[in-house]
Structure formats: structure tokens, C-alpha cells
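Look for chain A in each of the two complexes below; its partner is chain B in the first and chain C in the second.
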Partner chain A sequence: MSSALMSSALMSSALMSSAMWSNPVQWAFWLLGGLALLGALGTVTRRSPVQAALFLVLTLVATGGLFLVLHASFLAAMQVLVYAGAVMVLFLFVVMSVSHTEGETLGLAQGTVGKLIGLAAVGVLGHQLLRVCLTVGDGTSVGAALPGGFGDVRSLGRWIFSRYLLPFEAISVLLLVAIVAAVAITRRPPRGRAEGEG
Partner chain B sequence: MTGGVGMGELQALAPLLVVTGWAALLLLVSALAGGRSLRLGPLALCGLLLALAAVVWDWRLVGAGGQVLFGGLAVSDRFALFLDALLLLAGSLTVLISGAYLDEHGFADDAYFSLLLLAISGMMLLVHATSLVMLLIGLETMSLAIYALVAFWVGKATSAEAALKYFVMGAVASAFLVFGVALIYGVTGATGYRALAEAAAQAAGQPLLLLGMVFVLGALAFKVAIVPLHMWVPDAYEGAPTPVTGLMASAVKAAGFGALLRLLATSFAADGLVYGSTGWLNPCWTLAALTMSLGNLAALRQPSIKRMLAYSSVAHAGYVLLGVIAAGLHPGQLAPVLFYLLSYAAATLGALGVVAWIGRREAERLTFEDWAGLARHHPVVALAMTVFMLSLAGVPPTGGFFAKFYLFRAALRDPQLVTLVVIAVLNSVVSVYYYLRPVVAMYFQDGVAQPQPLARPGVYAMLGLALALVLLLGLLPGVPLDWALHAQLAR
Partner chain C sequence: MTLHVLWPNTALMTVLAGAVLMAYVAFNGMLLVWLERKVSARFQRRLGPTEVGWAGLLQSAADVIKLLAKQLITPRHVDRPLYHLAPVLVFVPVLAGISLFPFDRHLQLHDFNIGLVLLFALAGLGFLGIFMAGWGSNNKYALLGAMRAVAQNIAYEIPLILATLPVVLLARTMSLREVVEAQHQLWFIVQQPVAFAIYFIAAVAETNRAPFDIPEAESELVAGFHTEYSGMRFAFFFLAEYTNMTIVCMIAATLFLGGYIGPSWLPVPGWVWFFGKVYLLLLVMMWLRWTFPRLRFDQLMSFAWGVLIPLAIVNLLLTAVAIKVWR
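Right after this comes the complex of A and B.
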């Protein structure tokens, strides 16, 4: 969601620049940003869960491409491998094993009030984004101020294990919590008292 | 970029590291036990007490100014350590009562205690965080563990329903938090509180920054149950195992308010972010008034004592928010809020402890009729429950009275808050009615024969400790207040 929003922000600022048509990077940016937005729209509008999940794959792959445009090759590879690969395969697995019938749709029919609230939120956010894009200036400077080695494995590793060591370790604990929690709540209900059960 | 972590940084984070490590140890022990049912409660308690000792040690170590850790990602100051102590205390009381409760209601306790410790480590991370990144990780660690604990009552429909409601709404709140962090980072280019304070002072009034602030504060407001983000509270509190309800009402609330206090007092403290039509003062004022009023009015009509205590926790969140506003306006005024959180935690843990004590496997006994005539058979516990209720209502000589007194006195120093204090006092008067309902039922109504309550040493130890704490806070309020006065934020 936020990545789509950010890419749209960057996109509109790229729109302001005059030099955009001459630069192949800008072309790639436009294409990928558009694909990411298209996928995001498809994800939230498709009624079939499988189609929605596939649109999400499109968004994730396009976001991976955007990382590549930003010279973050390692992040791009990870994005595609982990999210578009592993996570989405699990998603599709669950969706396909849960929905039994062919034409099953998501039961998220929202009333008029819900749609109006959603539209209002989109309007407010869009308006703010537009204001920011108009004040930030043109998008040609994106990527210009990056330090050497930005986004490659070496610098990423150095950051993770030095300055961002604490959040890195804390996220490991977070993942541990998620695993333990998932195992704890999916176990079978005990038949007797706790003493008799493993 | 220099690598490596100093020994001093690890020492300053010792309480957090002890709790996290101990949770892993508990997991290891239950894995090695290979399916045999263990009583891990005492071991978990040891870990919490060890961490408490580390807090005392660090209190001297970090000094009055606090210690900035990991280049400003986290901090160890006396504010965080005070809240650490509160969280560990609440955790210890919860662990004490959990053992008997798990046995009685037939839970397997293999992962329960490690999840409890991991939840507390997430909360500690939340109060130590001085970066939006750490704030997010701490909040998620806490939340995931608490969701699982709420759902721990496997096979009970209300527990699963409570956990699902809490989880879905909580996930939306987390999404808003991430979104808010992204917006704030987009405007200011900073996630650390200190850098954020400087950048935000320049960018005050930027609509996207305000939107990001609203999202971040909203996510925290969800966790501490500020109206209108309190919808999950009654169901989640009622459906959760009672010791977990106690932990949610005391520790989760304290951790959430700790993070909120630090955020408002350090990084969103520029004048342009506080006052004016876009500042957080006016919305928080309105929300505090709404929270205490709606919480109290809803609590008046609840048929179940657990639900009544859930709505009472919403009302108390309103009072605390009043204190948070006062502390945000005058950064020196943290002590009354900390004292309030401590006193509320002791009283609500005690009250929910009595609820856990009275319930048996076949009968949870949550309605007021179930409590009728309790004083005749169990005079001591009935007296303890009365003290807890009086403390929640704010009647002397309990901790609740001094908590409200200090809080309102601090708020009255600011002329903008006088009306809000009047609303709060009126609300406290209203709340006396529903807090006295269980007391009236216990002492003045005749009940039918009921099953014996859960008479186990851990339960009585927990109730005794909570009672001692409530009375101590009421009779000797000076000592904890003095500690709270030393608990200042690192600048």
C-alpha cells in the first residue's frame, strides 16, 4: 500500500520533469510504477481471491523493479524471491485450499457508507500527495545523492550488523514470537485436564 | 561507520535482554521436556524477578540523564526503567495466578509463559524505543504475543472470537502505524525521535507530516483503547483468559502510554505540533473527555463483572490521557502519570485476580448474582475486592485516590485543562456507582450455594501482593511518587 503510494508520489514528480523522456531510467520507472499501481488496484477490486493474489504478485514484482531503478539490486532480488516467490506461493496455496468452489468470491461487499469513507480517504490522501509533489520539485534528482555502494549486499550487511543491529535482532525476536504464537494457537484442544495432555 | 556493541549498551538494556533470553530458555525447557506437562510458572517468575533486579541495577547505572543506545535507536533512562519495573511487576502477578488458572481450565502451558515473557519484552522495547522503527517492532512483538495469549483458551468460542476481533483490528492499526511512519519519514527524512523533533519543528504544519502523526498516534491510541478505537476492548477482555485480561489492562496499557508519552514529549513537542488548529492538543482533549465519559457510562450497564472492568479500563485510559496531555504541555509532569499507571495496574490486576479466583472450570461466575453473599463465606477476599474497587473509584486511603489527586493537581496547573479536570472529577463520581455494585452484591445480598473458588497458594499470593501494593500506594504514596519524580525522560 505505502510502496504503491510512494511510487505514485515519485511518479507524479517525475511527470513534472522535462528531461524525463530522454532518460531510459525514467521510462523504466514509469512503466514499473504504473504496473505496481495497476496491480494494487487489481488486488483491491478483484472479487476472486486468486485473481487478487495474482495482482498482488504483479505489484510486488513491479516494486522489486523499482528497487532496481533505485540501484538497490540486492533488495530487488530479495523482494522478488521472498515476497513474489515464497510468500505469494503460500498465499495462493492457502487461498486455493480454503476456497472449494470454482466461482467463489470475497464476501466483502461494502455498503455505500463504506465506499464513501474510502473515497473520502483516497481524496484526502491524493490531495496531500499532490501538494507534496508540487512542492518537492522535479524527480530528476532521485538517485543522484546516493553514496557509493548504495544498495549492494556489502553495504546493506554492514548497516544491518552495525548501526541497525538492535532492530535487526528485535525483528528476529518478533519472528520467533510469530512462530511460537502460530504453533500455540493451532494445537488441538486438550480433551482432559492439562496434566493428562502433552 | 563503527561496528560493535559496547558492554555498556548491553548493560543498559539488561532488563530487556534478560526477559527475552528467559523466554527462549522457557521454550527450550518445554521442548526438551518432550510432551511431558511441566509447571513452568515458577521458572518464569524467576526470570521476571531477575529482570527486576537488573532494573534496580540499571537505575543507578544510567543516572538521571539516561543513556542513549545504538546511535539513538533506543534509550535507557529512568522513565523507561520505571515502566520496566511496572511491566515486570504486572507480569509477575500475572504469572503467579496463571499456574493455578491454567490447571483449572485445562490449558496446556507449554508456550504460555514464554509468550507472556515475549509480550513483556515487546512492551519493554516499546518504552525504550526512541525511533519509529523500534516503536513499530516493539508494538508488533507485544501485539502478536498478546493475540496468541487471548486465543489461548483452545476450544472456547468466545476466546477465539475475542482474539480474531482483536487481531483483525490490531492488524489494521499496525498498518496505519507503518503508513504513518512512512509518511513522517517521507516529509522529514528521519525516524529517530531526536532528529524527528528537529526536522518536525521545521516542517510543522506540513499536511503529510500531520497525517503521519495522526496515524502513528492513532495506532498507539488503539492499543491503549482511546474512544473511538475502543470497540475491541469489551469482547477481547471478556473472551481472554482472566490473567491475560489483567496483563492487557495493566501492562499493555502502561507500555502504550509510555510510548505515547515519550513520543509527544520528545519528538512531537514543537509548538506548531502542539498548539493551533493542527496541533494534537485539541483532538487529544476531546478524545480524553469522550473516553472517560463513554467508558464510565458503558460500564454502568454491564451485566458481567469482567465486561464492567473492561469498560472501566477504557475510562481509566481517559484519565491517563488527561495526564499525558499535561505531561506533553509541561515535560516535567511525568510523575503523576507514572504513579497513576502503577496504581491502576495494581488495582485492576487485583480485581481481575479475584475474578480468576472465583471462577471454576464448570462455572466462570461473572455476573453480579454469582457474587451474592460472597462476604459471608470468604470475608478476606471480599474485603480485598472491596479495596480494589475503592482504589479504582479513587476513594482514600487507597492508591487510586492519590493517583487521581496527583494527576488532577498536575493538570490544573494548565488553564487549558481545567474544564477537562472538571469532567474527569464528575466521571469519577459516576464511576463509584458501578464499582460498588460487586461490593453490594458480596455484602448485602443473599446468594445460593456456589462451588468453592480456586483456593491455590499462587492465587492467594497474587491477591495478597496486589492488595499490599494498593494499600502501600495509598498509605505511603510519597515513596513511589519520589521514584516517579526521578523518572525523567532522557533529553
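Right after this comes the complex of A and C.
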């Protein structure tokens, strides 16, 4: 949900700008930001897990659109490909295989513990939101300072494999560890033949 | 955004081009249905449609009229928003995808420098529609079909993308037009025969075609995820499927078979080459469908994860090393 909060933060800073309605980019920004927020709201308010997941798709796609507005076309396509496509398909697959009785709802945010966790998350994200709002200032001047070729595949690739090589490799190692861990957890210990294999 | 506008430079032209593409999608769907009927008939020593129009060519048009006139039945137990949204969500990415290709040297809407990534992103969205159809229908056959489709999509998307990466390495670009332009000397299928084979097999699986048509195996699942759809809603799924076939063949023609490039001494326009290659590949897909029996689900999965993905990774690594050594 942090992406939606981000967009709302950018939105509030854009509110202060005077040339807000003259620019079609601003219109696109407002539309996409609104859609992202709408999807985020739907995600946390829907009772049906599938509908919640599909609202999350809306948020992710709208965020991809926001990347596009911010001149990061490759990132936008990747956002849709990886998050709205692959990751959401996995989400939905889990939902489908775990629960398909009608009327089943998400029971995560219920009880005192759930509320406390939610409150803590809101606190952390709200803090970040405030910080962004206070430091970014007028959002309209950001686009002017972009270097040539910003956000396209070539420059992104160059950055990832030079300046940000170490974090990039660290992330890939982290993912590998997560995959190995997932396999280790889901793999059942060998049992007798009578019980069969999962 | 780095857009390179090649052909339609006004809003009106863009709208017109969109209309032409939609008309093409509809026409192409009808043509492919007719072709499939004819091909399947020949494979089974029958004649196929013969009555409506010359060689039954208007049979599909008659079917479209039938589908348009049919009553739209909404079963009582469906999840209405999902059920109604699904056919649209299946169709829209397909329509957007087909607008990305360079049909000829100067016949392309926009040449995105990330054209290839965009195509795969759109393909991923289409599967959300299939999922929504299966879930929203609230029917066990539809749900099972959707689950199979999703599992198959995850499994075969990986070798599909991995098989296109060597071409990106060779061409040093993801723009579809520049990939084609890089093939003037030699089509990439010559340098990357393994990648082409992996791509084509994975593409057949991605489009849920036989021998990989497990998501809608008629003998087990009635019609899979679109069991509960009737009339034009069903037609949208059908049209999306045939357009998807066309798109994967267009990708294959663009990446591996030189797109609109043909022998330069022949006075044939580029778009003829492009569509010739696309429809030849489509014929191969039909040929496969009526030749092979359907795979079992575990065979399908182990083939993707155990054979295609390792092979694609090895091929990608070898290509990268070869480029580093010889360039």
C-alpha cells in the first residue's frame, strides 16, 4: 500500500502548484493516483479475498501508469509484467487453491493484535508520507531536471550493473535464499509409502 | 517517454488506425476459425464447411451473426462484477498487443523502445481475465479450468521470455522495429534455432492450444473457464484466443523470421512477407493441434520446469558467452 500512499503524498504536493490544470500530464497523474487510491481502499475493505486481490491489481496497474507519467517507461512495463501479471497470478492461485467456499472472508485484521499491527503500519507509512510531503515540495519542477534517456532500458541497465551492482546482487541472493527456503518448507519429510506423496 | 511515431501523426489518424486494427482482429478471428475447420477436416478426411459462400468462407460470418443474435444468459450464482468484467479484460490486452507490431518498415503505430516487454506485460494481464471468468462463474469446471490455465501460464511464461532474451542480446534492443532491422543479413532463427523451438512450444502452451489445451479439455471440463458464457461474451473469449495465437506468431515472425524483411530482389511489399510468415506459423499451430493428443497435467508441468526452462537458461548463457567472445 506504500505506493498508494506515495501517490497521495505526491498528489498533495501537486495541489500546491498553480499550473495544475493546464498540463495533460497532471490530468493523467490525478486520474492514475485516484485509481491507485481507489484500488488500495478496495483491497483493504473488500471481504472477499479474490475481489481484494483484484483491487490490488488496479492499484498496481495505476502505479505502473504513474511510473509512465514520471518518464520511467521500462519500470512501468515491468511493474505491470511482474506485479500485476506474475505476482498477482500467484496470489490468486493461492487464494483459489486455499479457499473456495462462498462467504469466506479475510480474518487477518480482526482482534486486538491485528488492530495494533495495522496501527503500527499506518504510523510508519504516515511518517514516511509526511517526510516526502515536506521534502519534495512543488512536484511540477521535477521533470525538468531529468537527464537524457532517463528511465529507458539502457540507462537503467547501466546503473544496475555499475553503480547499484552490489544491492542488485544482494537482492538476487536474497530471492534465491527465499526460493530455497520455500522449497525446504513445502517439501514434506519422507514418509512410508502407505501415506502416499503430496 | 521515448516514443517514435512513424505513421499516424495526428489524433484522427490514430483513431482510424485503431479502428482498422479492430476490424482486422474481427476479420482475422473469422478467417482463422474457418481455416481451423478446414485444416481439421482435411486431417480427418472430411471436407469441412462447404455450403455458405465459396468453399464455406462465409460460414464464420454466419456464425458471428448467430452469436450476435443469441440471448446472453447470466447464471444466477455468478459473482456479477467479475463475471461481466472478465470477457472485456481478456480482450483488451490482446487488442492493445496487436497494435505494437511493425507490419512493414513504415507501418507501425508506435515503436516503443520496450516493445517486447510491453507485449509480455499485456499477455500477463490477459490471464487475469481468464482467472476472473473461472472464479466469477462459480462453477467447478470453470474454476478447475482457470486454475489449470493459471498454473500453465506461470510455467510457460518463463521459457517463453527466456527464449526471446538471446534475440534481445543479439539485436541489442527491445524495440520490435529495431529487432527486425537487425535481421537484414541473417534471420535470427539461423543463429538461435533452439531459442525458436523453445519459444514456439511455449507459445503453443501459452495460448492454451492442443496438445496443451488442458485448461479447456472438453472431455473433462466441458469448456473450462468459459463454460458459463454464452453468445457474444463467449465470442469475446474465442476471439481473444485466436488473436492471441496471431500475436504469438507475430512475435515469432518479428524476432526470429525477419518480420517484414524478405528477399530484396523480389518485388513484394514488406507487409506481405510479414503476414505470410505469421499465417504460415498459424498453420503450423493448427497442424500441431490436429496431430498430437492432449498431454496429461503432470507431463505438461514437468516438461516446462524440467526440460524447457533449463534448456532456455543454458541457451541464454551460451549466447551471452558467445557474444562476449566473438564481438
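As a working rule, the second predicted complex is superposed on the first by the 160 of 198 C-alpha atoms of A that agree within 3 Å, B and C clash if a C-alpha of one lies under 4 Å from a C-alpha of the other, contacts with A are read in each partner's own complex, and residues count from 1 in each chain.
In this section, contacts are C-beta pairs under 8 Å (C-beta built on N, C-alpha and C of every residue); 3 or more make two chains touch, one makes a residue touch a chain.
Just so it is clear, the structure is predicted and the values come from calculations on it, not from any experiment.
Legend: residue contacts after superposition of the two complexes on their common chain; A:Val44 is shown touching neither chain B nor chain C.
More residues of chain A are touched by B (comparison of chain B with chain C). When the two complexes are overlaid on their common chain A, residue A:Met88 makes contact with chain C while staying clear of chain B. Touch criterion met: A:Val153 reaches chain C, while chain B stays clear of it. When both complexes are overlaid on chain A, the residue A:Val122 reaches neither chain B nor chain C. Once the two complexes are overlaid on the shared chain, A:Val177 sits against chain B while remaining clear of chain C.
In the superposed pair of complexes, A:Leu31 makes contact with neither chain B nor chain C. Contacts of A:Ser162 after superposition on the shared chain: chain B is touched, whereas chain C is not.
In the overlay built on the shared chain, the residue A:Arg187 is in contact with chain B alone; chain C does not reach it. Partner chain B is touched in their complex by these residues of chain A: 1-2, 5-6, 9, 124-125, 128-129, 131-132, 158-159, 161-167, 170-171, 173-174, 176-178, 180-185, 187-190, 192-195, 197-198.
Remark: chain C residues 1-2, 79, 81-82, 112-114, 117-118, 120-125, 127-128, 131-132, 135, 138, 143, 146-147, 150-151, 153-154, 157, 174 touch chain A in the complex. On the side of chain A, the complex with chain C involves touching residues 48, 50-51, 54, 57, 61, 68, 71, 73-74, 77-78, 80-81, 84-86, 88-90, 92-93, 96-97, 100, 102, 149, 152-153. Residue ranges of chain B in contact with chain A, taken from their complex: 1-5, 20, 24, 27, 35-37, 69-71, 73-74, 102-103, 106-112, 114-115, 118-119, 121-122, 125, 131, 133-134, 137-138, 140-141, 144-145, 147-148, 151-152, 154-155, 163, 175, 178-179, 182, 186-187, 207-208, 211.
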